Amino acid sequence: MAKDRWAVYLSGEIHSDWREQISSGVEKAGLPVDLTAPVTDHGASDECGIAILGPETTRAWTDHKGASVNAIRTRTLIEAADVVVVRFGDKYRQWNAAFDAGYASALGKPVITLHDDSIGHALKEVDAAALAVAESPDQVVRLLDYVITGRL
Amino acid sequence: MAKDRWAVYLSGEIHSDWREQISSGVEKAGLPVDLTAPVTDHGASDECGIAILGPETTRAWTDHKGASVNAIRTRTLIEAADVVVVRFGDKYRQWNAAFDAGYASALGKPVITLHDDSIGHALKEVDAAALAVAESPDQVVRLLDYVITGRL
Amino acid sequence: MAKDRWAVYLSGEIHSDWREQISSGVEKAGLPVDLTAPVTDHGASDECGIAILGPETTRAWTDHKGASVNAIRTRTLIEAADVVVVRFGDKYRQWNAAFDAGYASALGKPVITLHDDSIGHALKEVDAAALAVAESPDQVVRLLDYVITGRL
Amino acid sequence: MAKDRWAVYLSGEIHSDWREQISSGVEKAGLPVDLTAPVTDHGASDECGIAILGPETTRAWTDHKGASVNAIRTRTLIEAADVVVVRFGDKYRQWNAAFDAGYASALGKPVITLHDDSIGHALKEVDAAALAVAESPDQVVRLLDYVITGRL
Amino acid sequence: MAKDRWAVYLSGEIHSDWREQISSGVEKAGLPVDLTAPVTDHGASDECGIAILGPETTRAWTDHKGASVNAIRTRTLIEAADVVVVRFGDKYRQWNAAFDAGYASALGKPVITLHDDSIGHALKEVDAAALAVAESPDQVVRLLDYVITGRL
Amino acid sequence: MAKDRWAVYLSGEIHSDWREQISSGVEKAGLPVDLTAPVTDHGASDECGIAILGPETTRAWTDHKGASVNAIRTRTLIEAADVVVVRFGDKYRQWNAAFDAGYASALGKPVITLHDDSIGHALKEVDAAALAVAESPDQVVRLLDYVITGRL
Amino acid sequence: MAKDRWAVYLSGEIHSDWREQISSGVEKAGLPVDLTAPVTDHGASDECGIAILGPETTRAWTDHKGASVNAIRTRTLIEAADVVVVRFGDKYRQWNAAFDAGYASALGKPVITLHDDSIGHALKEVDAAALAVAESPDQVVRLLDYVITGRL
Amino acid sequence: MAKDRWAVYLSGEIHSDWREQISSGVEKAGLPVDLTAPVTDHGASDECGIAILGPETTRAWTDHKGASVNAIRTRTLIEAADVVVVRFGDKYRQWNAAFDAGYASALGKPVITLHDDSIGHALKEVDAAALAVAESPDQVVRLLDYVITGRL
């Protein structure tokens, strides 16, 4: 009594290997999960707009072009996701992660947040909109395992 | 002139073998049906939140964590369903079953209820929102058979 | 530059062989079309409710039960359709066909009506909501052929 | 504990005074109801397209223009309605009434049908999608009275 | 910096005076709240279908008629509500209350549940879908007061 | 040729007087704008959950309760807004502001961001989803003035 | 049996007085219509972005800023409209008018196009999505009059 | 971490080989993209209505029939698309391209426009609703490549 495949979008922090941990955990557990993610190469993600569509002379329009191109990917993948995991690290502002959480939430997607308890107070509105608040990639894998197979 | 596969979500009572009866009936009839269901292991369903995300000291938060984790599964499967069957037994409050019926109904999903006639009065609002009120798993199988193949 | 498969729901009249004509036309043209339809066995369609869910003593509830069961099929298939064809014959009231046209129309589905010109005035509101008004099954096949392949 | 005003759209038959009966019943009961309706002058309804937008040489395009203009009114009023009442008389095909019922139903509007029991079998799919099947305008008034005020 | 009026629907138990308590609390606090509710006269609510639309010979159809008529009111008021409060008492099954909670939840309405802690475990799925779990009408009033005015 | 009133939600930073500046600017310009906002009393916003619904022993559940109660207000006001202004200051993480921007964006609401250019790179995804990026409350007032009256 | 007020958005050409003609026609006829429109001062519409949010060094970003600011107005008013009238003149490309027609059409708004027959072929896809194709402002007024009052 | 297939609809100009360039570029890059498009045979596209459904005596109805038939294809493919590319050439009015852009935009589809910078001012509203503005088919291919694979 199971769904064939689950699409899980991994939003947020790009400076640690949490996506790889989830990926290998999901593989090890043999879960029917298709992981998707934003472009995680920081440089490419920043440069994509001007690299493809031509240079800009200001930071603002360079960013605007790049962020808009990335949005083609991220919005499509979030809308196609069954579950959205949003990771907050301890560095950087990561407003795009919180934006994705709000976006996914308004679409009615189940959201799982992943962050250290130490930043929990600052994330209280985001966590309150999530169906699970995890502290480790391993917990996310176990959540997916339970949610999909019923195994604890 | 038929649809390839039908996704049917089986919500509600977890203390009898009605899902297995529907499953074997569907298989015997050779219907192109993919059955889905909540986690039906009562213990796992109650413990999943604290087992994966860490212990709580109160009943309320243990329940909140667990029910939220289960909601990742149930909401996803209800939204993916073509038809939602909701079973009410003669024991327990089963408010989650009625909740699922309301949730599916607001999404415009065809709902089939399954219960003894003896509790029909208490279920009148739920039944009125259903497209069929069955009393046995066999009737549900025959409904699916007719709805999918046209066979009576 | 084409879509893999098109789901086409054939609503309405069940007393002539128009569905078979469309089906063989679609097959002859080799179109990637999956045809769906309501249960077209008039007796089964009338009796399904009481046959499966138990007898009634009035015409009204017999009809209510049957029509509700049929709605599990028709609503699911209309929502899954890319295109809805609605056929009106020269006999009977066929209010269910007009109901389906309104239902499909509100969902934003492209509607093709199929009927003799002689009943066109009575169908003017339905036709005005359609993207094509055909008079023969062959025209419907040619519409589907053109819409899908671009062939005239 | 009440809603300020209820918008009720009266669709269907235009050859008897059922709308006036509901209107005077609603007024007599002092209900906070705003009744709306299609244009009920048959001639105007048929001619509006060509009268305003210029003549046509065929029945089909005269009808298409007129029905499209009327749809500006009817779709707007149905979408603005809290409740949709659909009346079927014993004459004419009234496919537009059944179309409206399907349209309102797909939008999730509560539908009340109003017709003689004698045509109930032909209307079974429409009635099955309705929340109440009335036989007289007085019953519709009493339904609105109960639904709005709780008075029986 | 405030919204003019808030529409709050009070669903559930009809055997205690919790609605009156909320109503007088809201009035005392001078909140710009419009309270709505189902018909709370148990007899009227059970009889409305047959009283208006004619008698039935079975319990099931009596209930079906009545529950459908009540649904005209409840669905309209839930869709018009900004906030939905759902009360569970200690008696009866109250499946309609849980149904309303699921329905409101799928529509994205903020839900407040109101019940004794003693039945919290049975209500865990419903509570997990709520934004606040209150134990007394006074808490509901204070929630509305805070949510609307920011007063604590 | 104008809309009667515009509802504008002011999300984000609560440690400077930007809302008051917009409010007095809007008043001075005589704009038909109804401003709404989250509860901006930091203490009340943090304590509301436990103050009304009872104490918690952990930071996490205190936050969860409070953030959920605040969400009753914020989601309702965002859904009721014509335009959403989101302010990012130079202190704190302000993930709730980014969350609101994502939420409003997924609902199709026009978003205006308000922040110093110095944090523009970190906000590039949020800004790319906005229809205007302002640096001062005065610019927001002038945007509203232009958008509503056409005055430059 | 009428709706209180109708909101009608007038999109498109800004170089002739067609909006004024409709406005005075509507006033003369005493119709309960609230007309809305984009900013029709060409200079203001082009300059609004840089005038409020600061200068740009390229045509492209000047346009982007301005068009985005105008979109705050136009999208809000189109979503608030009951009916959208789109006027195409014989000069300029007017792609924004066609864009608005597509936007309104996807939202399910009734669209009336207004243009000379001489450009009808180029507008055939837009006209096919409209419920009425008018050639003069007077016809638009008469359409509104008929649609709202039933007068021919 | 990728989506299986991307559906990309290519709307607009039919007088140059831009679609073939994108198609061969996508193939060369080995992208998992399914390209769809309107019927690009100008004659067929103009004649389809009367060729299949019978002749008309006026240009207007010939166009209406044809454009409506084409809409069965275009609306279905736009709704099925993940990304919509809209090409504007330097000839003809191409209002249908702008209409498609508005339609796709209201559905929340990511839009990429493709046109020479020389017509950018006239397209400013359309470009402002797009997530990328390209000048060459090669740029579109590189956008798709980056969006799907993350390669720059």
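Observations
Order as written gives the chain letters A, B, C, D, E, F, G and H; numbering starts at 1 within each chain.
In this section, a residue touches a chain if its C-beta (ideal position, glycine included) is under 8 Å from a C-beta of that chain, and two chains touch if they have at least 3 such contacts.
Source: prediction; values computed, not measured.
Homomeric contact chain D/chain E is classed as different-residue, with under half of its interface positions used by both copies. Listed candidates were A-H, C-D or G-H; the one reproducing the C-H interface, defined as more than half of contact pairs identical by residue number, is A-H. Per-chain CA centroids place chain D at a distance of 30 Å from chain G.
Centre to centre, using the average C-alpha position, chain F and chain H are separated by 37 Å. Separating the CA-averaged centres of chain D and chain H is a span of 40 Å. For chain H, residues touching at least two other chains, in rising order: 68, 71, 108, 133.
Listed in rising order, the residues of chain F touching chain A in the complex are 59-60, 63-64, 66-68, 70-71, 74, 88, 92-107, 117, 119-129, 133. Listing the residues of chain A that touch chain B in their complex gives 1-4, 6, 82-83, 108, 110, 112, 131-135, 139, 142-143, 146-148, 150-152.
Interface of chain H with chain C (complex): residues 7, 10, 19, 23, 34-37, 39-41, 44, 47-49, 51-54, 65, 68-69, 71-73, 75-77, 79-80.
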